[in-house]
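Next up, some structures in structure tokens.
First chain A sits with chain B, and in the next complex the same chain sits with chain C.
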Partner chain A sequence: MSSSLEVWIAAALSLMVLSFLWRDNPAYKFAEHLFVGVSAGYWMVMGFWSTLWPNAVVKLVPSAARLTEPAGPVPAREPLVLVPLVLGILMLLRLWPRLSWLARWPTAFAVGTTLGYNLVRYVRSDFLAQIHATVAPGLLVTSGGAVNWVATCNQWLIVAGTASGVVYFTYTRGGAGLRGGVARGGLVVLMVAFGASFAYAVMARVAVLVGRLQFLLGDWLGLV
Partner chain B sequence: MKRLVPRVITSFVGILLILTAFGARPGPDGGGVWPVRAFDYVDRNFSVWFNILAVFAFILGGASLLKSHVAKVAHRRPDWPYSAVTLVSFVGVLAIGMLKLGGPPGLQGEVTDPGAWFQIVFDAIYDPLLATLYALLAFFITSAAYRAFRLRSPQAAILLASAFIVLLGRTPLGTWLSDPVPPSLGFLRLDALSVWIMSVPNLAGQRAVLIGIAVGVTALTLRILAGRGEVDGGGA
Partner chain C sequence: MTGWWDPAVWNLGVIIAAMAAAILWGIHRARRGSLLRVRRIAGVEAMADAVGRATELGRPVLYVAGVTDLDDVQTIASLGILGAVGRQTARHGCRLVMPTDRSLVLAAAREVLRESYTAAGRPDGYTPDMVTYISDDQFGFAARVDGIIARDRPAACFLQGAFYAESLLVAEAGAQAGAVQVAGTAMSHQLPFLVAACDHVLIGEEFFAAEAYLSGDRDKLGSLRGQDVVKDLALGLVLIGAALVTLAAATGAGWLAVARDGMLRLLQP
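The block that comes next holds the complex of A and B.
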């Protein structure tokens, strides 16, 4: 059995969370509320020291770099960093109902940045690259020159599956005729893909559960 | 003013960033005509500015958390002791992290350095809670699968069949169940079927999803940049 206080606290909290499998109870609620408080504080601190301090505070007041790195170089001042700082302060005005409309400005900047960066990226990597990867030679041959029928059929299935999936997304309501038939085929392909994704999600969570049980039985109790 | 300015900001920033993708890059010495240098500055710095705003969003979230839980404790609303737990843990972690307690002297070093109290909080509290909450989903996702199967629709059956084959094909149980399959019918083994599902129909489905997302993102982006979409940051 472990003699570390850290391990005992971690084990107790893990058991509190797992107790939810029995039913909602005070121990679980305690762990849940503790998690909310700790995670909010954790991400604020990480955000401050990893982003706000080096990219805003130090760039605006270079001598502040001496506080965290006394022997490190002092960067040049960048007054333009005031722009995101002012926008950030406007975001905090969300807490005051009379001025909360000003919080739309930083949100608008964030939306614009996301759209601007992602449009080109999505078109390149999720649209053009996927089409490029799907459109391949129609007849695949082995190194000996013979036709590899299995690989060829699979290749055509991928082309047909991708196209029918896109047709399903484009014409969600389906309908009759060829278009409806293709869309229904696309739905089958998508269901198979979602099933595979579901299986991976289950495996990932079971792997984490096994990790927690190993921690409880091994690190804490020393049984395994 | 309340609606026009956000739309102008969104369109201006979005179009500017799209243009930077097509712009020339400055030379190795950082030189070039001013539009080239300006586009390069925008391209390199707007993502940093976005991250700075994200930190302010965390601060806003923290302030909102404080506001709601302080009110709950002050008015002794039901379950207020749990709110006190949230408040104490939030303020405690914030103090430990901002003052960099337990690490090198002063504000030197990183909050994640070994021995820093912040790192101890991460190892003893945050990480085990996060991992166990995530693990708890294993049970709920199984019950969700059961409910989906109960729907008895053809789509649900296909989804579940695919999930079961992939799950069993990746575990020793699937190998054991496939042992009676003769070698001539090896493609019917669960592990072989699992590999086929992942590399053919799953690949096709994922590609269709990605292409669909890209088309949707492009249409939505153009709509918002044209000033026809809502950019809502809250507030009246």
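The block that comes next holds the complex of A and C.
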């Protein structure tokens, strides 16, 4: 059995969290509140030192870099960061009811830039790249010149699955007849893909559980 | 590339222009009163029933907008659905609980709900503490959401947005609490978990179409029609492209090779 206080704390918290499998209880509540509090504090500190400090403070007051890296280079001043800084300050005006309407501007800016930036990115990665990958020869031959029927069938299966999936996701067309049949085929393709993905992911989750049990039975209790 | 114009990606301009034209055409048709039929999406129709059930049982509705920030289109789509759910909870006088894991999502969600409650004629029903910030940490957030579900016992859980490994943790807690769960995400790796643990799931594109369906807004429905045209375009490109590549390889004809190369250049990401 471990004599490390850290291991005992980690083991106790693991058991408290696992106790939720039985029901909600004070031990789980304690672990939950501790987890939420510690993680919120951690991310606040991380947000300050990894985002606010290098991107706002150091770029506006370059000499501030000496406080964290005394031997490091002093970067050039970048007054342009005042724009995001002002937007960030506008967010805080939400705390004053009379000025809270100004907090909508940074939110609108974030949403607008997200949509604009992602438009081209998604057209490339989720539209063109997917179609480009699907468009491949539908008759594949081996190096000896014979038709490779397995690879050929795979390719047509990919094309048929993609096409029926796209038909399933159309909304303003009729759901009956040939289109309806193809759409139902697309749903079947989706469900088969989900089943395979589910099984794969469950295996990964089992590996996580095994890791935690190894910690409890090995590092903590020394049984394995 | 110099300046604003990069000739190397002309195909991107053509595709985006075609998409924009299709969507604008759809909106134009909708505004002119063209009849818009949208096929039934079971998950979307279940939303109103779920809110009604929560009202009858006197229990709250839980809404989770995923775990990503406003720089994810799924979060933005989720806020659109939140607006529709908010209008329903406002009309029914049902309590809405929305934990968030990002400060920007918190701010945007409060704005959305404020407008929803005002639009539903119940501005007094809105309170900022409907939406609360928990933690930026993925599993810290999931632990708290599980705790909220266990203690508040919501009758309806809406899990709409981008989820990662915490999806099943949250969905399973909702299933144990006996809540009607309507999930929606475009995260393909999490969809199987949500399908397994939730009553209804908006799969990928359905999730993005839900807001138009729920709002009944003509512009949004017209946009949906335009997007269907884009999907037909994608379907055509896949089928014609596959046929061209196959025939060019099988016959060796020069003109087919030229057509194939042109098609592949158009589709170059």
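To be clear about the criterion, the second predicted complex is superposed on the first by the 216 of 224 C-alpha atoms of A that agree within 3 Å, B and C clash if a C-alpha of one lies under 4 Å from a C-alpha of the other, contacts with A are read in each partner's own complex, and residues count from 1 in each chain.
Simple rule for what comes next: a contact is a pair of C-beta atoms (placed from the backbone, for glycine too) under 8 Å apart; a residue touches a chain by one contact, two chains touch by 3 or more.
Computed from a prediction, not measured in an experiment: that's the story for all the values here.
For chain A, the partner with contacts to more residues, out of chain B and chain C, is B.
Of the two partner chains, chain C is the only one touched by A:Gly138; chain B is not. Applying the stated contact rule after C-alpha superposition, one finds that A:Leu13 touches chain B and leaves chain C untouched. By the touch criterion stated above, A:Tyr171 is placed in contact with chain C alone, chain B being left untouched. After overlaying the two complexes on the shared chain, residue contacts for A:Phe30 are found with chain B alone; chain C is out of touch.
By the touch criterion stated above, A:Val111 is placed in contact with chain B and with chain C alike. Residue contacts after overlaying the shared chain place A:Leu67 against chain B, while chain C stays out of touching range.
Of the two partner chains placed by superposition, A:Trp149 touches none, neither chain B nor chain C. The contact surfaces that chain B and chain C form on chain A in the two complexes overlap at residues 17, 20, 29, 31-32, 35-36, 38-40, 42-43, 47, 91, 94, 103-104, 107, 110-111, 114-115, 117-120, 122-123, 127, 131, 134, 159, 162-163, 166, 169-170, 190-191, 193-195, 197-198, 201, 205.
Those residues of chain A that touch chain B in the complex are listed here as 5-7, 9-11, 13-14, 17-18, 20-21, 29-49, 51-52, 55-56, 67-70, 80-81, 83-85, 87-89, 91-92, 94-95, 97, 99-120, 122-123, 126-127, 130-131, 133-134, 154, 157-166, 168-170, 186-203, 205-206, 208-209, 211-212, 215.
Those residues of chain B whose C-beta lies close enough to touch chain A in the complex are 2, 5-7, 9-18, 20-21, 45-65, 67, 79, 82-83, 85-94, 96-98, 106-111, 118, 120-139, 141-142, 145, 155, 158-164, 166-167, 170, 196-215, 217-218, 221, 224-225, 231-236.
Per the touch definition, chain C reaches chain A in the complex via residues 11-12, 15-16, 19, 36-41, 70-73, 76, 103-104, 107-108, 111, 134-137, 139-141, 143-144, 146-147, 150-151, 168, 188-189, 191-193, 195-196, 203-206, 209, 213, 221, 224-225, 228, 231-232, 234-235, 237-239, 241-246, 249-250, 263-264, 267-269. Put simply, chain A touches chain C in their complex at residues 17, 20, 23-24, 28-29, 31-32, 35-36, 38-40, 42-43, 47, 91, 94, 103-104, 107, 110-111, 114-115, 117-120, 122-125, 127-129, 131-132, 134-139, 155, 159, 162-163, 166-167, 169-175, 190-191, 193-195, 197-198, 201, 205.
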